[in-house]
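All remarks here apply to the structure that follows.
A, B, C, D and E label the chains in the order they appear, each numbered from 1.
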Amino acid sequence: MQTTEKQKTDKQNSADTMIDVKGLSVNFYTQRGVVKAVRNLSFSIPNGKTLALVGESGCGKSVTAHSINQLLPVPPGKIVSGEIWFKGEDLLKKSEKEMQKIRGEKISMIFQEPMTSLNPVFSVGKQIADVFLTHHALSKAEAWERAVELLNLVKIPSPAKRAESYPHQLSGGMRQRAMIAMALASPDPGLMIADEPTTALDVTIQAQILDLMVSLQQRIGMSLLLITHDMGVVAETADHVVVMYAGRKVEEGDVFSLFREPSHPYTLGLMNSLPSNEKYRGAVRLEAIPGTVPDLLSIGEGCPFMNRCRYATEICGKEFPDETRLSEDHSAWCHNLSAVKESKE
Amino acid sequence: MGKYILKRLGLLIPTLLGVITLVFFMIALSPGDPARVMLGERASAEQLAKLRADMGLDRPLHEQYFSYLGRIAHLDLGKSITTGRPVVEEVLELFPATMELAFFAMLIASVAGIIIGVISATRRNTMVDYVSMVGALFGVSMPVFWLGLVLIMIFSVFFDLFPTGGRMNVRYYMDTITNFYLIDSLIAVFKTGDWHYLGSALKHLILPSVALGTIPLAIIARTTRSSMLEVLKQDYVKTARAAGIPERKVVYRYALKNALLPIITVIGIQFGLLLSGAILTETIFAWPGIGKWIYHSISARDYPAVQGGIIVISTVFVLINLLVDILYSVVNPKVRLK
Amino acid sequence: GGEQEAASSAGGDGKMGGTLVFARSGDSVGLDPARETDGESFYGATAVFDNLVEFVPGKTEVRPALAESWEVADDNLSVTFNLRKGVKFHDGTDFTADAVVFTFERQFKEDHPYYDLGPWKYWGYMDMSNIVDAVVAVDDYTVRFDLKKPEAPFLANLAMDFAGIVSPAAVEKLGEDFKNNPVGTGPFKFVEWRKDDAIIFERNEGYWADDVYLDRLILRVIPDATARWLALQKGEVDVIDFPSAQDLQAMKNDPNVKVLQQEGLNVGYLAFNTSKKPFDNKLVRQALNYAINKEEIITAVYGSAGTPAKNPLPPTMWSYNDDIKDYPYDPAKAKQLLAQAGFPNGFSTQLWAMPVARPYNPNARKIAEIMQAQFAEIGVDAEIVSYEWGTYLDKTDNLEHDMAMLGWTGDNGDPDNFLWVLLSAPAAEPPAGNIAAWKNAEFTALIKEAKETMDQARRTELYEKAQVVFKEEAPWLPIAHSVVSVPMKNSVQGFHIYPTGKRVFRGVWIEK
Amino acid sequence: MSGDTVLNADRLHTVFEVKSQHQEKALLRAVNDVSLTISEGDVLGVVGESGCGKSTLGRTILRLEEKAAGDVLYRGTDIFSLHHKEMKQYRKKMQMIFQDPSSSLNPRKKVISLLKQPYKIHKTGSDAEIQERVESLMQEVGLNPRHQRRFPHQFSGGQRQRIGIARALALNPEFIVCDEAVSALDVSVQAQILNLLLDLQQKHKLTYMFISHDLSVVEFISTRIMVMYLGKIVELADKVELMANPLHPYTKTLFAAYPVNDPAKRDQKKRVVMGDVPSPINPPSGCHFHPRCPYKMPICEEKYPEITEAAPGHQVACHLFNK
Amino acid sequence: MNESLVQNGNIIEVKDPTPFQESLHNLKQNRAAVAGLVIIALFLLVGIFAPLLSPKSPYDQIIADRTLPPFSPGYFLGTDDLGRDMLSRLMYGARISMVIGVVSVGIAMGFGMLIGVTSGYIGGLYDKIVMRLIDIMLAFPYILLTIVIVAVLGPSLFNAMVAIGISQIPRYARLVRASVLAEKENDYVTAERSLGASPFSLMFLSILPNCLAPVSVQATLGVGEAILSSAALSFLGLGAQPPTPEWGLMIASSREFITNAWWIVTFPGLATLFAVLGFNLFGDGLRDILDPKLRD
């Protein structure tokens, strides 16, 4: 879980790192101007671990995910710099043909909307079987059989019958299970990217899906990139957390220390904004972060959080801070960490 | 499914009743009377009066209306005032010609339109895309009758590739059984081993079909393109790509089947429009079809003929819509009927 | 091509065989000639039916056909026909006097079992009920017509299509369907009718005359005139009807095509409604006559398919008064006359034009456009009005118009068929044949006398005088007589244009 | 649980006619026999899974949906018996704040006209007065009055929600239904809005019905909490009582399903969640929850349990507590 | 949302465009739409200023100068069969076509929107009846419907416009109804209802303006179609009457010249084609601009 630049270089070929993103920047060239959706983002996920990417809506989480398996809409999107090392290879140097082999075969993906992520005109079984057919040398019947097995694995009741159902005949939870099954149809599941897999679901269903994902991940031993904006979900599932704000990484760390010691003013504010926070028992007001997320179009070179930050100083508007390591597994990017720390006490 | 179809067919009746009523009163309200048209410049007053009485035109309107409804209820479309022949007979003779033309035009339009649309969508913002879409825009902007004349001038007169009009070289005395010449000529080929009939029938079909099919072709191409673009943006396409499904398969199997849904609807609508839109094409290509016939019947105030023709066209139109809905449900499991 | 065809001699070898495709503008309505009124229907009927007498090819004279000879009674009140023997209908039944009686009685005897298949329109048009009293079969091959009054054009009437002899057996068998499956004794047998497409006939092998050469005759429908011409150029058809005036020159220049032309028995005119102001004023009517440049109309609309008209009668009609001089095109004079009539600044009016092409006027609306422009020059502001055809006839009959175009095609070659129907005072009562509503005592007296006189010379004199009155009073602006043009492949021989508009395919052969 | 009764719903039913998959008509009982009382100053929190009828209940109480049976009394007046004119007067007193801040604001209207509309409809005051009031209203909800000429889409989600709140406040209502008023917002903004709602409640002495699927939000803001499942009330109690002592198995399930914001506690958590939410068109027989219930008894399949008072002020509809 | 954020130059203010400015901007980006607009503008200008621009009167006949080919002295595009200047007639034709488009579409849109809004909003039995009637009109093929209506009203240019307008009502009615049904679901409607707004103001002042985007696209395309339909009606003799220089009529009345004076037929055909093309291009572009789904 080392993410400093230096260490990453050492580790890039290391056998126990599944994916290593280095200095990723993504721009969108729109009619209104250039949207710098992701800037200089780095992180890595060790084999079999879960990394949670959290942040408010529009902060670049999905863009990051799509950059990894290169499904960004190009144009208007463009990866302007960075490297994405996956099992020792830089994915950004791969051709579309080669990427097609990697997608589904080694990196699978689950999307936020189970309602729209399955093709409405094919049965669920067929869609899963198709993935098998693409990546394995199987007959159609065999592929179907394997699809049914997978549906069983993701705990869909009477899977053989359900395989013949069309997406609209399934409930949201079942659809999301089917999506997971499809993601598992790869022959060599190394990395699974789950982009807000439970946001559209009810809590009771969300709990089931999260349990399922965690147990499957442990069973298969794949790495998981979990994208979410729900701190609760992070707390329950992640090993390591990257907090993003307006395209930038502002804090990252091991899940326990990050929740124990949120250090960046944004992370801190985020935690304080949660009404479920212990300290609000009986209180009548929350400690909210004032203001709103800036428009990525109009953002300068400084810290994007500065205009909502009560610790902001002059320097914040001029340059983005360097990494401050708080402990071995915990870093933050803020000019005024000491001030933050002081006020907490 | 059966129940659904029955229900839809049941809806046909009030719709047709509405159409019949609408036509009846509109024609009754329109100036000019059929007796006058029939008798021409030389009619005397007594002759006119007698003919009007014979045709029941002197009775009060509501009486005429209800007696007409009564006959329709017995599936009797009456007799054409101009020719005195049963309307059903005339329709059976002419309608196949129009159907054949419309069907063939639609076939050309659908196949070419879908291909062009898909290619444009997958090569969005390339030269191919621009050229096809500008071409398609020209297509929908074309006055059909003018296009027909131009096509004849170019392909028939200048290059001498196709006949100027008609359904078949009249010098071939082919037996007409179904009045669908493609079918009849196939039967003839079967019986005589002579391919001339089929060749001639096809050759005669091409120019009018192209003229008639241009607008639908353009519309289908455009619909296909935008529908494809829309579908290609959907999450499930992203899912398929993320699962490593090859791009060709994503486009032609995953996306196209979804994109077909609006296209089917458009094809249905266009087919319906073609049935009546054929009036102009039929006139220019001397095509003995029902559109031209209805048009002439309207100018001759031939009530029964107009009514009969419109009832038939409307019925077919409604049936095509039903067919489209059924087809739609075959492609789209969401509305698939049990 | 281009020159007129010399009459080819009948008989001889090498003429037999072949298919002739004749392209025309519309389909027949029905093929029972007594029921129908339109030329297209007659085209089909003529091939199937024979009459007792027939017109000499290209003429209005009458010659024997199914009747080998006839005698007119001294009192002119009956005609007895001696029928040709051994003639068979296409259905194999014999042609006898009974068939003749059947053919005619069904058209006027209200208790005839087939009277109800009518209306028998031409019988009415020709006023036959007031002419024919009875048709009597004297014996199997002799038929006598008893007349109510002496009627000079009666024989010519019998040569008209409505008098084609039908097979009683076939009518009895087919009933109403007879009009779709006609059976006569004519040169061609009906084979098949493809609605709005083609009617197919084949040669009647047992025909009583030996000048039927074509194996097959196909009447094909091509509504668009230019399309017909293109089809002829491409050889898809052999003869075409009603060519567009615009294409005539090209046709004449085409080496593979020849154009037969003959003046038609018709007149197209613009009638002034003399019952309305200001057309009740003779000066106004004359002024309007002076205002129109007919040459321009002919050039622009008729091309070489029309000649300017000065009289209500066509020039091919006997008693045509060629001494009459037309009003010259003289806008200045027209203006002066208008001023004299009290309209120095002209007036506003309506100019009605038929919505359809007629034999006597291929494009009334275009003529109206030209007239409108020319009237404008003398200050007359004419709004062009057009109704759907049936309405148009109704409204003109009821004299609702100011000025209206219309025309007439002669049926039987008698001047009375023009002048009485179109210009007599009795015909000016609505529904008026005389849509000028012109009630001129002198004119009506002249043609009434002519109608009742049997002496041709006297009649000619009277009609010529009437035409002088007409010209002076100017109830019409006669526009043109159309020239019938029939373009065909050079190989088509023996085709004749009939003044009455018939299309006869007997005697036609194809040069191989 | 303080003052007079503001609103009283008695055996309220709301039914929709819907088309089932096979195009057949079916009845959907979105609100099924719901009785509740809201007193002045109360914040009644309503939780439940998607589709359980929370919004429909809120809308029916405001007579924005027609009831099928039962009564809604607003300070003793049966609002469903009122004529259009009378109802208009009552509309001033009861307002609604919606979930989706973008769809609840007419995209073609500028903020100023959106906020002036309530006054225009009720014809209160001159143009100048209205203008003044609108500006102070904007200030009150934390919007810059200088932005009054902007269109809704030119604001952020949180700001749009503030516009919605301002509009609801315009006519000085007494009772506001907040239908998922903060669900669409990011947590940081959500906190701002929750604060605002609480401030306004105190300042204007408002009564809220607060609908949300997020337990933590409801827990934070409510004085009483009501849990719904498939159109029915399953449990209703004072907040403190309910959180400390949830009785209904569904309530327990629901509470257990919410993730806890503390990774340290994740291994201690025991989940009891199972199965999917059944379709409301065709709810299970007997107790709607029985197919998912770990404590299922034979009677649960047959009979819907009566709602009973298990503890003082703690109502629950479960056979376990039906003596 | 911007100005409070401006600080130290980190956040650069981007002024939010009004919806109109945004649409205008998008329009400028859409080359097809601009091309369409240019064509429309061209035809409009020619139409409006026809009396000033046209070299001759469109009605003046010089029979002696009939059927002169293009580039003949004095006649840039030649003359027609009555010796009238083609160019002038085409210019006046532009004026007529624009009027046809506007009037027909105006009728269709006016009634269609009224029907669509009311039936979509009110629903219930009223909606059922109205939609049944619309279905009947739709089951009645479009061209035949116009022909029958003209048969009732009598052939004239104005009646043709009315007929085309009436025949096009169903599409607007359906379009608006569908939009209303979708719009009705939006909470802003509920919100205004909860404020006590009257159904009238909800229908016409709140919902309808939000349904105008698809209507304006349809209307633009509809103008093109109306021009085509009117040309077709004139071609059948049911529309404009001579000597009106309406393009369809010009084609119809000179059809027979196609073999020997091509320009008389070809120019009105091309004029129609390009005018309609202009509206289609623009309508298409408008759809792209107004339909955010298709936008990048």
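The working rule: a residue touches a chain if its C-beta (ideal position, glycine included) is under 8 Å from a C-beta of that chain, and two chains touch if they have at least 3 such contacts.
Remember, it's a predicted structure, so these values are computed and weren't measured experimentally.
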If you take the chains that touch subunit B and keep only those that also touch subunit C, what is left? E
Determine which of the two chain pairs, A-D or C-E, is joined by the larger number of C-beta pairs in contact. A-D
Most distant chain from subunit D by Cα centroid: C
Go ahead and note the Å separation of the Cα centroids belonging to subunit B and subunit E. 25
Report, in whole Å, the distance between the mean C-alpha point of subunit D and the mean C-alpha point of subunit E. 47
Gap in Å, rounded to a whole number, between the CA centres of subunit C and subunit A: 91
Residues of subunit B touching 2+ other chains? 31, 149, 157, 299
Residues of subunit E that touch at least two other chains are 1, 4, 151, 154, 255, 258-259
Out of subunit D, which residues touch more than one other chain, so two or more? 156, 159
Which residues of subunit A touch subunit D once you look at their complex with the stated criterion? 56-57, 171, 173-174, 202-208, 210-211, 229-238, 255-256, 259-260, 269-277, 280, 284-290, 292-293
Residue numbers of subunit C touching subunit E in their complex, please. 224-226, 229-230, 244-247, 249-250, 293, 296, 299-300, 355, 363, 365-366, 368-370, 372-373, 384-388, 391
Quick one: which bits of subunit E touch subunit B in the complex? Just the residue numbers, please. 32, 132-133, 135-137, 139-144, 147-149, 151-154, 224, 228, 231-232, 235-236, 248, 251-252, 255, 258-259, 262, 265-266, 269, 272-274, 276-277, 280-281, 284, 293-294
Under the stated contact criterion, what part of subunit B meets subunit C in this complex? 31-34, 36-45, 47-48, 50-51, 54, 82-85, 90, 93-94, 97, 149, 152, 156-157, 160, 163-167, 169-171, 173, 176, 283-286, 288-289, 292-293, 299-301
In their shared complex, subunit C is touched by residues of subunit E numbered 59-61, 63, 66, 81-83, 151, 154-155, 237, 241-243, 253, 255-261
